[in-house]
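Look for chain A in each of the two complexes below; its partner is chain B in the first and chain C in the second.
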Partner chain A sequence: MKELLTVDTISVSYGNIRALKEVTMHVYEGDIVCLIGANGAGKSTLLKAIVGLEPLVEGTITFDGEEICTANRGRHMTTDLIASRGIALVPEGRRVFADMTVEENLDMGAFLVRDDALIAQRKEAMYDFFPILGARKRQKTRSLSGGEQQMMAIARALMSGPRMILLDEPGLGLAPLVVADIFEKIDVINKQDGVTVFLVEQNARMALRAAKEGYVMENGRIVLYDKAANLLEDEKVRKAYLGE
Partner chain B sequence: MGIAEFFQHLTNGLTLGGIYALIALGYTMVYGILKFINFAHGDVLMVGSYAGLFIYNALRGDASLGPWVLIAFFLAMLASMVISALLGVTIERVAYKPLRKATRLAPLLSAIGVSFILSNSAAWAFGTNSKKFHYPFDNTPFVFKGVVITPHQILILSVSLVMMVILKIFVDRTRMGKAMRATSLDQQTAMLMGINVDRVISLTFSIGSALAAVGGILIALDFKVYATMGTMTGLKAFVAAVFGGIGNITGAMVGGILLGILETFGVAIFGIPSGLKDTIAFGVLIIILLVKPAGLLGKDEKEKV
Partner chain C sequence: MLNFFLLILIYSGIYALMALGQNVITGYGGMLSLTQAGFFAIGSYATAILSTRFGFSFWATLPPAALLSALCGLLIGLPTLRLKGDYLAIATLGFGEIVRNVLNNWDSLTRGPMGIQKIPMPTIFGFVINPYTKYSFLVMVVIFVAIAYVLFQRLARSRMGRALAAIREDEIAAEAMGINITKYKVYAFILGASVAGIAGSLQAVFTLSVTPGTYTFMVSVMVLCMVVLGGMGNFKASILGAFIIQLISYFPQLTGLTSVIPPQFKQILFGLILVVMMIWRPQGLLGREEIRYGNEEGEKA
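So, the complex of A and B:
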């Protein structure tokens, strides 16, 4: 299988604090990969680094054979350029454009798509996939519930027709039933549309069940990597992340 | 106050307010995206007025009033919009962009510096005497149901209305307009959508500066062109932007028009001596900051941590 995203020994610093330490990861096309870890382990920082929002101290990130991030500032792609390569991040806390309607949010997700017919077609597909968004398309996004906003953020990311979607804590602060619904949708996005998924979650059980491969992060370092099914059985993971 | 007198003041107020609104839009759009007050905005207006004046005079030559003079005037206005837009974008690139990651005070100080550089350069280059901007039409007022209206007022009202409608459609309906709103709501997320934020910022400065040039030329027809013409006008348009809710485009339109009306009626009804007319704007500023600091259409949001 083809390697889509390669994170090669990258480090990120906040002042004197190393947030990521020589992180290496490989994501293959068509997979769901999850990254689990405690609060503050550096999971969000890694996602931000991939989309070019955090400068690297060392290492490189390659997407589909093209170097997108490097410690050399001059060669580092800007976030909008990285997005144009087919990476869509659903950020932590959803970050919807609250003063814009659902439809306008989706339009923004399709900013890089210049074909109006395709945009209209994708919007209809999203309203089918997330019926609640279709019912609220003319409403300001701030009036949506947390779960609806999360779905909107995912739909917005899909509007660009990405090859890979990065999800930062999609279940954060949502009721278990809503979380289950969102994970179901993620599975469909992966299986039906063939979008590669990189998932960051504190809800380790949920994430490992959905994923094929899993990485465990502690203090900015990858400490464990295996098939997700194996991690679910792993003594250490069960103790530290599954509350057993 | 009779009905005719009321409508007289209303007309005068709307005219003044239309100009404030045009200029206030530049402050509010830049604030919406960069969260700083571009204190050089008034001086861009001044440069735009000079540019408009020189081009108009050159095109007009010594032609007497007629259709060509009117065309020359609008061509000069268009050219001045382009020149001001380029100036606005250049100022942003040179004086603000390098400071984007600095403290919020830094670009503000830089803006004040640019403001001095522009007004002093203009005084040095064009002299300190104000220059008359001749009406491109016969400005003899006419009386409509007891209300005296000048063709200049009609020009101001129609031009500012057209500009505001175009801007509103652009911001609400078009791809780049929506990208502009998205950028002002959440810059990082806008980048994630593939929006080139630098380009949006340049676009914002060019639109704001072009509108300031229009405002400047419209004022110049009554009050001439001079190197410091942008100072007081700029300050009052800034008050209008805060009044309506800084960062809010509709707010700037409403704030500008209301401020114009308040100033006119303040002099007419409350008998504020017209020499003290300028105090009305700043009185409004103090009151709005005390009563509703977010402005008329602004949302009272707590500063996000």
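So, the complex of A and C:
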């Protein structure tokens, strides 16, 4: 299987504090990979680093054979360029364009797509996939519930037709039923559309069940890596993250 | 009296151009810039120097005035646009003051505080647009405002308008959608600067003389007031705001109360307007103009 994203011994600092310490990860095309860890472990920082929102102190990130992030600022790609390579981020806290309608948000997601017919077709596909968005397409996004906004954020990310989608805590602050629904959708996106998924989640059980591979992060370091099914059985993981 | 009213209309037009530019920067781009006076001055002096020293016609001075302002917009925009909110305001405020100080001190080029007089009146097909009789000048200013308005309305509905709307709402999300935020912010800044430059050219041929004292920080504040009063993100509102603010600032002269109302009245009133608007109607008199950014299919659905 082809390696799509390679994170090669990267470190990120906030002032004197090392938020990421020599993190290495491999994401293969077509997989769902999850990263679990406690609050403040550095999960979101890693996602931000991948899309170029955090400068690297060392290491490189490669997407589909092309170097997208390095510690050398001159060669570091900007976030919009990285997005144009086919990486879509669903940011933490959703970050929807609240004053725009659902439809306008989806249009924004397709900013890099220049083909109007393709945009219209993708929007219809999104309305079919998330019927609630179709019903609310004329509404301002701020009037949507948290779960609906999360679905909209995912739909918006998919509008660019990405090869890989990065999800930052999609279940945050949502009711368990809604979270289950969202994870079901993520699974369909992966299985039907072949979009590679990299998932960061505090809800470790949900994430490990959905994923094929799992990484565990503690204090900015990857401390464990295995098949997700194995991690679900792992003594330490069960104790620390599954509350058993 | 009629003559005086015409004067107010002409100034409203000149300031409306600046306010339109400010609205692109602040209302659409979401950047709090306080530097329109600087670009205004650059446009004025470009026209003044080129027409008195080098014999350029008024029309021939417009492209260099706009280009020079745009270039300065680029030079100040690139380093400062990564700043946000009040930090950007302070950095741009500094630029306006630098421009004024340069004009005041670069004697060989600008004649310093003496300014430049005897700027030739603009002519078109042999017809002199005389600022003293005002009518033809007013027509010219109105045409300029109309052109700028139409262009900006189209801009707001373009790809760039969409990009600015996204950036204003959430920069990180906009970047993640593949929008190059630096590029579009700089574009907005350059556009706002160049129309202010054009406004400066008009100012130069209206007063037929330029002195650095005209281009104070107060001008930038007035322009910002116009945009806030009218409504951010609404170009019609900027024109309305420009007219109202001009009317207010000439209120003592209009009513013949110059001996009663102190000249500081203007500043006090602008401050009051900003405070009252922020409390009672932060969206401005007309509010933001709703723009649908969808494509055709979406429109019909």
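Methods note: the second predicted complex is superposed on the first by the 244 of 244 C-alpha atoms of A that agree within 3 Å, B and C clash if a C-alpha of one lies under 4 Å from a C-alpha of the other, contacts with A are read in each partner's own complex, and residues count from 1 in each chain.
Throughout what follows, contacts are C-beta pairs under 8 Å (C-beta built on N, C-alpha and C of every residue); 3 or more make two chains touch, one makes a residue touch a chain.
Everything quoted here is computed from the prediction, not taken from an experiment.
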item: Clash or fit, chain B versus chain C on superposed chain A; value: clash
item: Touching partner for A:L172 - first (chain B), second (chain C), both, neither; value: neither
item: Contacts of A:K123 with chain B and chain C, given as first, second, both or neither; value: second
item: First, second, both or neither for A:A38, with chain B first and chain C second; value: neither
item: Which of chain B and chain C A:A88 touches, first, second, both or neither; value: both
item: Contacts of A:A71 with chain B and chain C, given as first, second, both or neither; value: neither
item: Which superposed partner A:F97 touches (first chain B, second chain C, both, neither); value: both
item: Partner with the higher number of touched chain A residues, chain C or chain B; value: C
item: Partner chain(s) touched by A:A229 [first = chain B, second = chain C, both, neither]; value: neither
item: Where chain A meets both chain C and chain B, residue numbers; value: 51, 53, 78-80, 83-84, 88-89, 91, 95, 97-100, 104, 107-109, 111-112, 156, 160
item: Complex interface listing, chain B residues touching chain A; value: 175, 178-179, 181-182, 185-186, 188-197
item: Residue numbers on chain C that touch chain A, as the complex places them; value: 162-163, 165-166, 169-170, 172-182, 292-298
item: In the complex with chain C, residue positions of chain A that touch it; value: 51, 53, 78-81, 83-84, 88-89, 91, 95-100, 103-104, 107-109, 111-112, 116-117, 119-120, 123, 156-157, 160
item: Interface residues, chain A side, partner chain B - complex; value: 51, 53, 78-80, 83-84, 88-89, 91, 95, 97-100, 104, 107-109, 111-112, 156, 160
